[in-house]
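Two complexes come next, and they have one chain in common, subunit A, joined by subunit B in the first and subunit C in the second.
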Partner chain A sequence: MKRSRLIAATAVAASLALVATGCAATGGDEGSSDEPVTITFWGSYGNGGNSAQQDVLNDTLIPAFEAEHPNITVQYVDVPYDDLLQKLTTSAAGDELPDLVRADLGWVPKFADLGVLVPLSQAMPDFQELADATFPGVLSTNLWKGDYYGLPLDTNTRVLITSQAALDAAGLDAPPATFADLEKAAGTLEGTGISLFADGGLGAWNISPWIWSGGGAITDDDMTTASGYLDGAKTVATVQMLVDLYQAGQISTGITGNAGATSTAEGLPGNNYATIFDGPWMNGIWADQFPDFQPIYAPIPAGDGGSVSVVGGEDIVLTASSKHQEAAMEFIRFTQTEQFQMALVPTGQLTVIKDFGDEQVATVPYLKVFTDQLATAKARLAIPQGSEVDTILNEELVPAFEGTVTVKEALGNAAKRIDELLAEQ
Partner chain B sequence: MRRSRWAALPAAARIILLSVGAIIMIIPFLYMVSTSFKTATYVFTTPPEFIPDPATTANYEQAFSTGDFGRYFLNSLIVATISTAISLLVSSMMAYAFARFTFRGKEAIFRVLLLGLMIPAIMLIIPQFILAKNLHLLDSLGGLILFYVAGSLSLNTFLLRGFFESIPAELDQAMQVDGAGAWRRYWRLALPLAKPGLATATIFTFLACWDEFTLALTLTNSPENQTLPIAIRLFAGSGNNAVQWGLVFAASVIAVVPVIIVFLVFQRYFVQGLTSGAIKG
Partner chain C sequence: MTITTLGESLGTDAAGQVPVASVPPARQRRRSATRAGIVPYLFIAPGLALFALTVLYPTFQAFQLSFFDWKLVASASKFIGLDNYVRAFQDDHFWLSLSNSGIYMVLTVVPQIVIGLAIALLLARKSPTQPLFRVLFYLPVVTSWVVVSLLFRFLFSDDGLINFTLGDFLHLTDGSTPWLADRWTALLAICALGVWKGIGWSMMIFLAALQGVPTALLEAAEMDGANRWQRFRAVTVPAIWPALLFVTVMLVIGGFNVFVSVYLMTGGGPAGRTDVLLTYMYSQAFENLDFGYGSAIAVLLTIIVFVLSVVQLRVFRDRNGEGAL
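And then the complex of A and B:
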């Protein structure tokens, strides 16, 4: 008995010592690319039981790449999306990362900050050329302390989605194009039982399109301060408009975290909500679950700042511990080609390359609004504590929506807390 | 006291109360089974339909034909069965020692062992990952078995110690007089008499290993070595993707079958096991 505990205690002590040294990994490069190598690539293409993307990758794209590079084998590992971050974090601590990762764009600064990624802008001689071809909003998510740690792989953005039934109820001929149109529609909808707008929270993904379209900002361009921007006059006015609509019952309580509120995915087809903001994936969801529903896509309503949405998507990053960095960079170049980008468009992935936009719309017409919106869409704060920004916005804004503090006060508090995060950089 | 008052309640009221309880417990399960026979279009109908119309077995066909579902199922079966067997053997030996032997520091060591019950598993994930890496057990079923056994020892030892202590010491002494050694007393006397406890521990351990997700996700990479919870998670998807609930529930129904079998096999000991453990522990 004693011995087994002793062994266990020794094992625990040893593992703790290893954790301490685990992060200090550096990678090697084999240089010569003639020897057969295998590179591993982690991502979430096969997620959701819908294996269309994974099939394209495994059956078409990877074989095409391997045919061009006979000495390189690519092994793709599919990881459930929600658990990829945890698996990456554990693997980073254990120095067992794969060569390439398809990382959510919010994770790049986090892993760059841990020192487990290769700065591609230094390692790839042709980086600038590749970077210039991509949409600036999604490219910017790879920037961390002056270097780019990845390249955009696929992207998406939120647009306004409505339905003919909702437009009829709101007395509109066309989807609301401006904040003024929205406020007018809210008046018409009063008493119909249909709420003007619904969303699932108040994080940066949710609230940024409003703030930017209203002419406000979250921080200055250099990301040094939020005070004076997040609590600036235009941001306050935009959020005040939302708070007024919320208090008039025109925005669903889902936005302040009521998990019992009808979800946006069900509420729009069910005619509970007149408009929502969401991404291109909704098309597939509705096609399966509400086959009779015809969504209408339109740009984010414009305020003083025009129509500005938020960028989502994934980047491809190379890990510092990769032993086959040259081969991995060849695969990264392959992901930026027309062959790779266009093969995934029919499966719901938007291309990150500006020049392929027209071809994308020709292939999948409903993506037109998304493609146009991406031209001006902006990225959320690219800092390692990106998820804390969401927490702060939610915590500070919910009381403002509930009317217990003023909007100005709530945004001022949020700005102060975000300033603290920015000061840590 | 409580018991006699309970017995005095009119039988009808008792039956109604129990039926309501049973219905509440069974509805999510029925809903799962029913949804597994629906096409995606009918999953969200209001009010919810419990008898799928039209019914389809497409979800089951898709579950079995997607990827290596059979492989995942077999992996889970191997890992859960072997882990349960090893864990039961090792923890019953440990429990027997704690129950029957006197040695210095016994209670202190027992309390250290109980710490295993108090530390949340997620806190151990990085040390376990590094340990597995250094033992060359990453991405292997052997690695999962090792950590599942280690993870279940505390609870099982705690549970079984109570059972062994409830067996009259006189029986042990009688066997000892007849010349039986410690192993013989453990194997021939203690184990057979602690069957309810062993059944309880088997059910708990098997269920825990069968359902375990986080460690399996962290330690394994290749589909050949992944287990059922990961397969179901991959079906479920999240956030940006359409969840095919019919498919997820079909996979879940398939996954529940072995658990039901284990319960059916061990249930006659199970209830007895829970109560005797409770009094004598």
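And then the complex of A and C:
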């Protein structure tokens, strides 16, 4: 008992030392690579009962990896997305995490902060090379206190989506390309019963594209303060434009949390809304539910800051409790290859590798706007309290939309509360 | 059989103590009494063990967590004493959630008792359609909370059936009330679901209790010239008093434990204004991973419910003049 503890302690100390000096993989684990190992990988590829992605992973990608690495077996465990965070949370508490996790990009700082993830930028000698190939916005979601704790696995972003019927009603030849175009369209739509825009809330996922495109920011680049940025003149002006449109009845009450408002997924095909911001998954949803609907994709309307959207997607992370870290890192490398990335594109996953963008568009043409948008898309605040930021934005901005406080006041309050979260880092 | 008579029949006194005999022949009796004293505990032991494992242990753990800045990984967690409780008392959103829980409790408990009792009185009389109506009223109770919450969300949506009925059909409103967009109207919709789903349960308890109302007393009161209301007040209510107490205590506890309907109908929105204590606790624990604060909220809720239950038992007992249970 004592001896095994001593061995375990020595092994932990040795691996920690290797990780700390950044040379864990310099020589690889070729010495022990003959021994067969099984690595476990948790993800939600089978989410929503649509097994297309899971099938590609299980039937094509994992067998291909195992063929190249005969000593490594990859056991993929599918966990529904809604349960995954809870399962990861309880597994982290019980020290029973798998080797690899396909984690929502908002969760990476949360788990990195808990010390349950391996900093890949220290553990993988080729990390920089792999990182440089990815889109910068999605890569940045892995950064926590100077180290990268994961690599992007798949990504998505929001673009403007409209329809020909909406464009006709708004008197537009093309989708609104600027804030000015939007405001003009709002005037034309008055009295038609069609709202100019709809969204499902005022969290960072929803409001960030507006703020960034308007030339504003949520915090400084180093994420030390929101005051002076979130309540800066450009952000105030952009949010004021939205508030004015809302009060004129041109933005649906769904944005202020009305759970009874027609959803964006139904409202756009139903011609209740002229424009929405949403991701590439909507194409499949509409194809199933509204087969006659032809969505038109366009970049986020540009303001003073250009057309800037928000990054979504998943990262792949390696857990500190993994006993087969070298084998797991080999699989991480495999996820960054053309074979892995391109196999998932037809199932609605956008590649995270910049160089595969053209090939992606050639395979699935409607992804062009999303691929272009990703070049400038930014990540939300990569801090463990990401969900609290969403709560703050909703709680402070809803009164501004309702007209009970000024936009400047609301953003000032939100900035102060976010400053408190940033101060905890 | 009451607890007291059960105790007596098993050879124990009302407090569960084994009577001590002072004469020698009692030795034999004492041994059997001791055995009889253990037997009931053996019977409840499996249930108690399960209760301890699935309820007491997690409750104790939650109580412990509430004194920590809990980080999932025990080594990273920090003992912070009563900080989580102090934070709750200074947190406006905690008070808003508590008041919403209280409002929900008041607005659902009273109608469930009044309407449940009224329906039970109507269905207590034998008629050919009585079983059908019993089933119909009880049906919502056994339906999944998730299903009916989503159903009510659609009913109260902007273009839902409620707006259609009030606007296009009855012409009472303009038919465009955004029910789930405002704290008060959204709470009303959530309460409507709570009442609709709960009436059948209280009706069933009252129906059972009404079977025990002495017919002789009712007939005697009638012969003495008591009208319906007087008979109900002087004979029926005292006879069903224990059931009334049981229903009230259970509904108050249930009212404070509302979660699924709020979570699915409004998600606590807009901007957290319809959050109740449990949805707030859930978002703190499972969205923000702040298990320490979430546990503190859960402990406070337990204390509130416990105090309320004790107060109710006292008040009802005093009104009844003796121990009702």
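Everything that follows uses one rule, which is that the second predicted complex is superposed on the first by the 394 of 425 C-alpha atoms of A that agree within 3 Å, B and C clash if a C-alpha of one lies under 4 Å from a C-alpha of the other, contacts with A are read in each partner's own complex, and residues count from 1 in each chain.
Following the convention adopted for this analysis, a residue touches a chain if its C-beta (ideal position, glycine included) is under 8 Å from a C-beta of that chain, and two chains touch if they have at least 3 such contacts.
Because the structure is predicted, anything quoted here is derived from the model rather than measured.
Q: Once the structures are superposed on A, label A:Glu424 by its partner contacts, choosing first (subunit B), second (subunit C), both or neither.
A: Neither: A:Glu424 stays clear of subunit B and subunit C.
Q: Tell me which partner A:Gly284 touches in the superposition: subunit B (first), subunit C (second), both or neither.
A: In the superposition, A:Gly284 touches subunit B alone.
Q: Considering only touches as defined above, state whether A:Gly46 meets subunit B (first), subunit C (second), both or neither.
A: In the superposition, A:Gly46 touches subunit B alone.
Q: In the overlaid three-chain picture, which partner chain does A:Asp221 touch, first (subunit B) or second (subunit C), both, or neither?
A: In the superposed model, A:Asp221 contacts neither subunit B nor subunit C.
Q: Touching A:Gln86 in the superposition: subunit B (first), subunit C (second), both, neither?
A: Both partners, subunit B and subunit C.
Q: Where on subunit A do the contacts from subunit B and from subunit C line up?
A: In subunit A, positions 86, 93, 95 sit in both the subunit B and subunit C interfaces.
Q: Give the list of subunit A residues in touch with subunit B in this complex.
A: Spelled out, the residues of subunit A in touch with subunit B are 1-2, 4-5, 8, 11-12, 14-16, 18-19, 22, 40, 46-51, 77-83, 86-87, 90-91, 93-96, 156, 266, 279, 281, 284-285, 288-291, 312.
Q: So in the complex, which bits of subunit C are touching subunit A?
A: Interface residues on subunit C, with respect to subunit A: 71-73, 76, 153, 156-160, 178-181, 186, 265-267, 269-272, 283, 286-289.
Q: Residues of subunit B touching subunit A in their complex?
A: 40-41, 43-44, 62, 66-67, 94, 97-98, 103, 105, 109, 112-113, 125-131, 133-134, 138, 150, 214, 217-218, 221-222, 230, 233-244, 247-248
Q: Sort out for me which residues of subunit A touch subunit C in the complex.
A: Interface residues on the subunit A side: 85-86, 89, 92-93, 95, 110, 113-116, 201, 253, 256-262, 384-385, 387-388, 391, 394-395, 398-399.
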